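Look for subunit A in each of the two complexes below; its partner is subunit B in the first and subunit C in the second.
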Partner chain A sequence: MSVPAADLIIGPLEPVTAEAAARPQARGWLRSAEIVIPGGILLVLLFFCFIWPLVYQVPKPVGGSLLTTNLPLWSPGHILGTDMVGDDVMSRILYGGRVSFEVAAAVQVIGLVIGGLIGMVAAYRGGWVEAVLMRVVDVFIAFPSLVLVLAIADSLGPSEMHVIWALSAFSIPAFARVARAATLRLRDQPFVVAARLAGTRTWRIMAGHLVPNMMPQLVTFGMLGAGITIILEGALDFLGYGIPPPTASWGNMIATGESFISVYPRYVIVPSIFLLVTVLCLNLLGDGLRSRWGVR
Partner chain B sequence: MSTSVSVQPARWPGGAHARRLATSPALRVAARRLLSAIPVVWGVTLLTFLILNALPGDAASALLGINATPAEVREFSIKLHLNEPLWSRYGHWLGGALTGNLGTSLASPQSVASILGQRLPVTLELVIYALVMTLVVSVPLAVLSARRPRGIIDRLSMVGSMASISIAPYVLALLLVIVFAVHWSVFPAIGYQPVSQGLGGNLRDMTLPSIVLALPLIGFYTRFLRADLLEQMQSEDYIVTARAKGVSEWRVLTRHALRNSFIGLLTVIGLNLATLIGATVIIEQIFSLPGIGYELLQAISNRDVPVVEGIVLVFGTVVVLANLATDLLYSVFDPRIRHVRARS
Partner chain C sequence: MAGATEAATGAADLDLASGPLLEVSDLRVTFRGRRGTVYAVQGISFTVEPGRTLALIGESGAGKTVSARAVMGLLPESAQVTGSIRFKGEQVVGRSEHDLRDYRGRNVAMVFQNPERSLNPTMRVGTQITEALRSHLHLDRKRAHEQAVELLRMVRVPAPERRFYEYAHQLSGGMRQRIMIAMALACGPEVLIADEATTALDVTTQAQIMDLLLDLQRQTGTALLMISHDLGLAATYAEDVIVMYAGQVVERAPAKELFASVRMPYTQALLDAIPQIDREPHVLLPVVGGRPPDLSALVPGCPFAPRCPGVQQDCREQAPTLAEHEPRRWWACWHPLNRAAQ
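Right after this comes the complex of A and B.
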C-alpha cells in the first residue's frame, strides 16, 4: 500500500520530546493555571503602569513636597508612603514600571526581528554566508556585552533610548543563535523541501514556512529574555549608567534607597518586590508557554 | 607534542598511554577548534578597540578632568600616543599583545599585565567559590527532585529555583546586606581581605558576594539537571539495561543517569561562563571587591584602552578555553562519544 503523498509532506512537525511524552497530562485547569496566573498578574501590572495614570488622578512621580517626606506605608493619599524628597512611592513605582516594560519589550522585539533574521538567513543559506554571520555572532557572544553596554551608556549619556540600544547587544546574538538552530531543524522538513521543489521564492519560504514554525520558540525565548532584560536594565540604573534620577525607574529607586538602607529599608524593599514579581511572572509565563507549545 | 612522541616514544615518560593521547582524534578535534577560536578572540579585541574609539572623549581629557586647558589635553594626548591614527594604534597594541606585552595603563604607570595579575585572582576566587557552592547545592537537590518527580522535594525545589532565577543580583545583594550585615553583623557589607592576611577573613569577605553570584545559578542548574535526569531515566537504553540487571532505582539514578547528565551540565556551565564573568562586574561594584570587573568599570570611564583591551582579551580567552575544555571532558564522561570519535 502506498503512502499518501500528503502524509509525507505534512508529517509530524515536532516529534514529541521524551520529557513531554513522559509528563502525565495535568488536569485542564492546572495546565492553564500555569499560563493564566502569571499572565494575569502581568496584565494587571501593565494596566496599572500604563492605563491607570490616564484615567485616575495619580500623584506626580517627581516634584513632591518636602513637607511630606518619608511618610510611612498606608499614609492617606500615599498608599506606599513617600520617599526622602517627598515623592509618592506608588506613583514612582507605576512610572518606573513603564520604563521597565518599555525597555524589555523594545529590546526583545529588536532582538527577535534583527537576530531572528540573521539566524534564519545564516542557517537557510549556509556556506560562506552562514560562516561569516555566525562568526560575527560568536564575537558578540564571546565579547563581555557589559563592556559594550557600559560604553554605550557612558558615552551617549544615560537615557531610555540608549539603554534600549545597549541592551539589544545582548538580545540580537542570542536570538540569532536560537533562530539558526530552529531553521536548521526546519530546513530539511518535507514541507520546506516540497515548497522549494515547487519553485517557491526564498523569501516566501522564509516568511510563509519558516517564520510561523519557529515563532513559538522565539516567543518563549523572548519571554525569558524579557525577565533578564528587566534585571539588566535595573543593573544599569543601579550602576548609574541607566535612567538618571529624578526620572523614576525601579533600578534607580533601589539605587537611591541603598543609602537609606539601615533607616528606611522599605525604599529598597518595595521596588524590589515589584521587580521580583514581574520577572518571576515573565519566567513562569515563558515556562508555561514552552511546555504548552512543546518547545524545548 | 605529537611529533616528539612519535619520534622518541621510548623516552616519553607516559609511554604508550601518552602516545595514545597525543594521536587521539579528540585532541585533533580540539586543536582544530582552538584554531577556529583565534579569529573570534581577535574579533573581540578589534571590536573593543573600535567601540572605545567611537566613544566621545578620550583618556587625556578623562584623566585630566574638566578643569584642564585644551593645551594641556593636547600635550597629554601626544604623550599617550592618542594623536596617532586608529589603525597604527591598534597595530601597535596587537603587535605587543602577540609577543605577550599588553602595554601600560594610561591612567597609572603600572603595566596591564601587573594589573591583571593583581585583579584576576580576586575574580577567579569569586567565580570558583560560587561555582563550588552551586554544585554542592544543586546536584543533590536535582537528584532528590528527580527521584520523585512532583513529590514534595521536587515541588519545593522547583518553586525555590524559579524564585532564585527571577531575583536580580543587586536586589539579592542588598537584602543579604540588610539581613547579614546590618541586622546580624555576621558578614561584612563591603571590603576585601587578601588570602595572604588569613584565609578565614578572606572567606568571610567573599561569602556574601559568592552567594549572590551562586543563587541564580543554583536555580538554573537545578532545573536543568533535574530535567536532564528525568529524560535519561525515561528514554535511555543503558538505563533499561541497568534496571534489567536488577540495579536499585537509586543507584541507577546516581551512578548511571547522573554520570551522563553531567555532560549536559558541563556544556551549560561552559556556555554560562561569559554571563557569569559579566555578573561579577556588578557584584564586585556592590561589595567593593578589587577584582577585574571593578577595574573594568574604572578603565572604561577613564577610556584606558590598554587596560580594557587586556581585560577583554582575558575574558574572551577564558570563555573560548572553557568551551573547549567542555568538549574534551565530554569524552571523559561519555564512552560513546569517545569511541565514536576514535573510530571516525
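Right after this comes the complex of A and C.
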C-alpha cells in the first residue's frame, strides 16, 4: 500500500523539476533581449544624433538651397530627401533628435533630483514637513498638465530652456510621489533602522541607504517619463509653443509638414516614425529594466 | 596572592557598579489607532544587570519586541509610552531623536531578527560597520577601517579583510548575523539587545551565534537582553528569565530554578509545547489551546484564564498581580503549579 503512494508522490514531481530547471534560462535570455534590443536601438539613435554630425560631413539642417526643394527619398546626398525649403531631412531629423533627447534627459534629471529629494525628505521626516510638501505636489498633479505647460511656455516664450522648465513642472511632482512611496517602504527596513541606531546622521542615511535602494525604481520611472516627455515636447512644438523654427525638432517638422500632407506625406511620416520608435524603445527599456530589477 | 588581590579589587569594582544598568519600571505602551486602542505593554518592570543575561520569553504578540523597541526609543509616533526606562539612572522615555543618538549604539545596541533585511543590499558590509564607528567615535577613515576589520575578526568572520568589501547577498545568514553583531558592538555598548537574533537561522548556526554572543559578553562585560520565543534557548543561555503574556510579566525567575519547577501554568504550557524526541510518535503535540487575548479589549481577570487548564472561578474575576512569592521567584497566578503544600 505504501509503495504506490510513494510512486504517486515521486511520479508527478519529476517533470515539474525538469521544467523549473529549464525555465530560468529561457527567461534569462528573454529578459536580456527585453533590455538589449530597445537599449541598442536607442544607443544607435543617440550615436547618430550626437556623434555622427561631429565626425561626418552631414548637410546643414538649415539654410538649404532653394534649387533642391522637395527632393524624394533616397536622392543622392539626401537619403531622406529635402523639404519644401531645400533643407536635408535626414540632417533635420538628427538635429531635431538632439532636441528631443536633450529635453527628455534634462526634464527627467531635473525631476529625479528635485522631485526625488522632495519626496524622500517628505517621507523620511514625516509630520508637517511631509504634509506641506506633499500638498504642494498634489496641487501640481491635480492641475491639468498640458494646460499648465502651455501657460508656462506661453508666458515665457518659445525656447528649448523654457520647454524644459515647463515640462519639469510635472516631472518633479511625479518623481516626488514615487520617491515618497519608495522611502516609506525603505524607512522601516531593518537596515535603515540599524543605521539610525548606529547614530548615522540623517543626510548620510539618505545618501547611503535610501538613495541607492530607490534608484532602480526612479530610473525605470524616468525611462517611462522620458517617452512621455518626448511626446509632450513634440506636442508643444506642433502647437507652436515649443522650439521655434527654423531650429529643427521632430515636433515642428511634423507641424510644418502638416500643410503639405496631401502632396508630400513623408514630411509628416518620417519624423513621426522616429518619434514613435524612440518613445516605444524608451517604454520597452523601462519595462525591461523594471522586470530585471524587480521593481513594482 | 597577587591574583587574589586582583580578584578582590575586581569584585570591589563590580560592587561599585552593581546598580542596574537598565531599569525599566511600570512601562506601558499603547497604540492609538483608528480601530481602537491597543494596550501592547501593560506595566512591566525589569532590570538589566551588568554582565548578566536576561531572557524575555513569550508568544508573538506578548509585547517582547515592543518593550525592546521602547528601550531603544524606536517606537513609532503613534505609540504612547509611559513609565520609566532609566539607563544608569538617566531617563530615556520622552527623549528626542537627537538626544537618543549617543544613547543608541554607545549605551544600548540592538541586533535584529531578520539578517536578510538588516543589511543594506547596496552597501559593502564593511562600510556599514565603519559608519557607526565614524559617527559615534569620530574615527578617521583609516582607523575606522582597521577597527571594523578587527570587529569582523572578533565575531569570527573568516578572512575579515576580504569580507569587508563584500555585499550582503554574498554572505550566508549566519555570516550576516555576525556582521549585525559586529555593527551592534562597534561602539562598545553596555547593553546588547538581541531581538530574536537567532530565530531565522538553522539550529547549528543558532548555537554558534549564541555561543559567540556569550563569549563576547564574557570578554566585554556587556549585559545581554535576549528576546525569544524559544524556551530551550533561554534555558541554555540565560541567567534570568522573564515570561511575558498579553503585555504583562507573568513569571520571573533565575533560569535554573524556573525550568526545575515552573509555577505559572502559562510557562508550563509553553514548555509542554516543545516537541521532544522521546515522546510517543503520532501523538498530538499538547499546544497551548486558544489564542492570546485581544489587546484592544481588556477584560477583568487573569489574561491567561480562558486558555488555562487549571482555571478557577477567582481567576476570571480578578487578575493576580506579579509578586515575589519565593526568594527571587515572581509570578502572577492564584493557583501556581509544583508548590509544596504549606
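Here is the rule we use: the second predicted complex is superposed on the first by the 269 of 296 C-alpha atoms of A that agree within 3 Å, B and C clash if a C-alpha of one lies under 4 Å from a C-alpha of the other, contacts with A are read in each partner's own complex, and residues count from 1 in each chain.
Heads up, the rule we're going with is that a contact is a pair of C-beta atoms (placed from the backbone, for glycine too) under 8 Å apart; a residue touches a chain by one contact, two chains touch by 3 or more.
Nothing here was measured: the structure is a model prediction, and the numbers come from that model.
J.: Just from the overlay, do subunit B and subunit C fit on subunit A, or is there a clash?
T.: The answer is fit.
J.: Can A:L117 be said to touch subunit B (first), subunit C (second), both, or neither?
T.: A:L117: touches no partner chain.
J.: Return first, second, both or neither, reflecting whether A:G126 touches subunit B, subunit C, both chains, or no partner chain.
T.: So A:G126 only meets subunit C here.
J.: Between subunit B and subunit C, which makes contact with more of the residues in subunit A?
T.: B
J.: Touch test for A:I37: subunit B only (first), subunit C only (second), both, or neither?
T.: neither
J.: Just checking: does A:V85 make contact with subunit B only, subunit C only, both, or neither of them? Give me first, second, both or neither.
T.: In the superposed model, A:V85 contacts neither subunit B nor subunit C.
J.: State whether A:L239 touches subunit B only (first), subunit C only (second), both chains, or neither.
T.: first
J.: After superposition on the shared chain, which partner residues are touched by A:V219: those of subunit B (first), subunit C (second), both, or neither?
T.: Touch partners of A:V219: none, neither subunit B nor subunit C.
J.: Touching A:P265 in the superposition: subunit B (first), subunit C (second), both, neither?
T.: The answer is first: A:P265 touches subunit B but not subunit C.
J.: Using the touch definition from the top, say if A:A181 reaches subunit B (first), subunit C (second), both or neither.
T.: After superposing on A, A:A181 lies clear of both subunit B and subunit C.
J.: Please give the nearest C-alpha separation between subunit B and subunit C in the three-chain superposition, to the whole Å.
T.: Minimum over all C-alpha pairs: 5 Å.
J.: Share the list of subunit A residues that count as touching for subunit B in one structure and for subunit C in the other.
T.: Of subunit A, no residue contacts subunit B in one complex and subunit C in the other.
J.: Give the list of subunit B residues in touch with subunit A in this complex.
T.: 39-41, 43-44, 47-48, 51-52, 54-57, 162-163, 165-171, 174-175, 177-178, 182, 227, 230-231, 234-235, 274, 277-278, 281-282, 285, 296-297, 300-301, 308, 312, 315-316, 319-320
J.: With touch defined as at the start, can you tell me which subunit A residues reach subunit C in the complex?
T.: My answer: residues 126-127, 189-201, 204, 208-209, 212-213.
J.: Can you list the subunit C residues touching subunit A in their complex?
T.: On the subunit C side, the touching residues are 72, 74, 77, 101-102, 104-106, 109-110, 112-114, 117-123, 127-128, 131-132, 135-136, 180, 183-184, 186-187.
J.: Note which residues of subunit A are touching subunit B in the complex, please.
T.: These residues of subunit A touch subunit B: 17-19, 22, 135-136, 138-148, 150-151, 154-155, 227, 231, 234-235, 238-239, 251, 254-255, 258, 261-262, 265, 268-269, 272, 275-276, 279-280, 282-284, 287.
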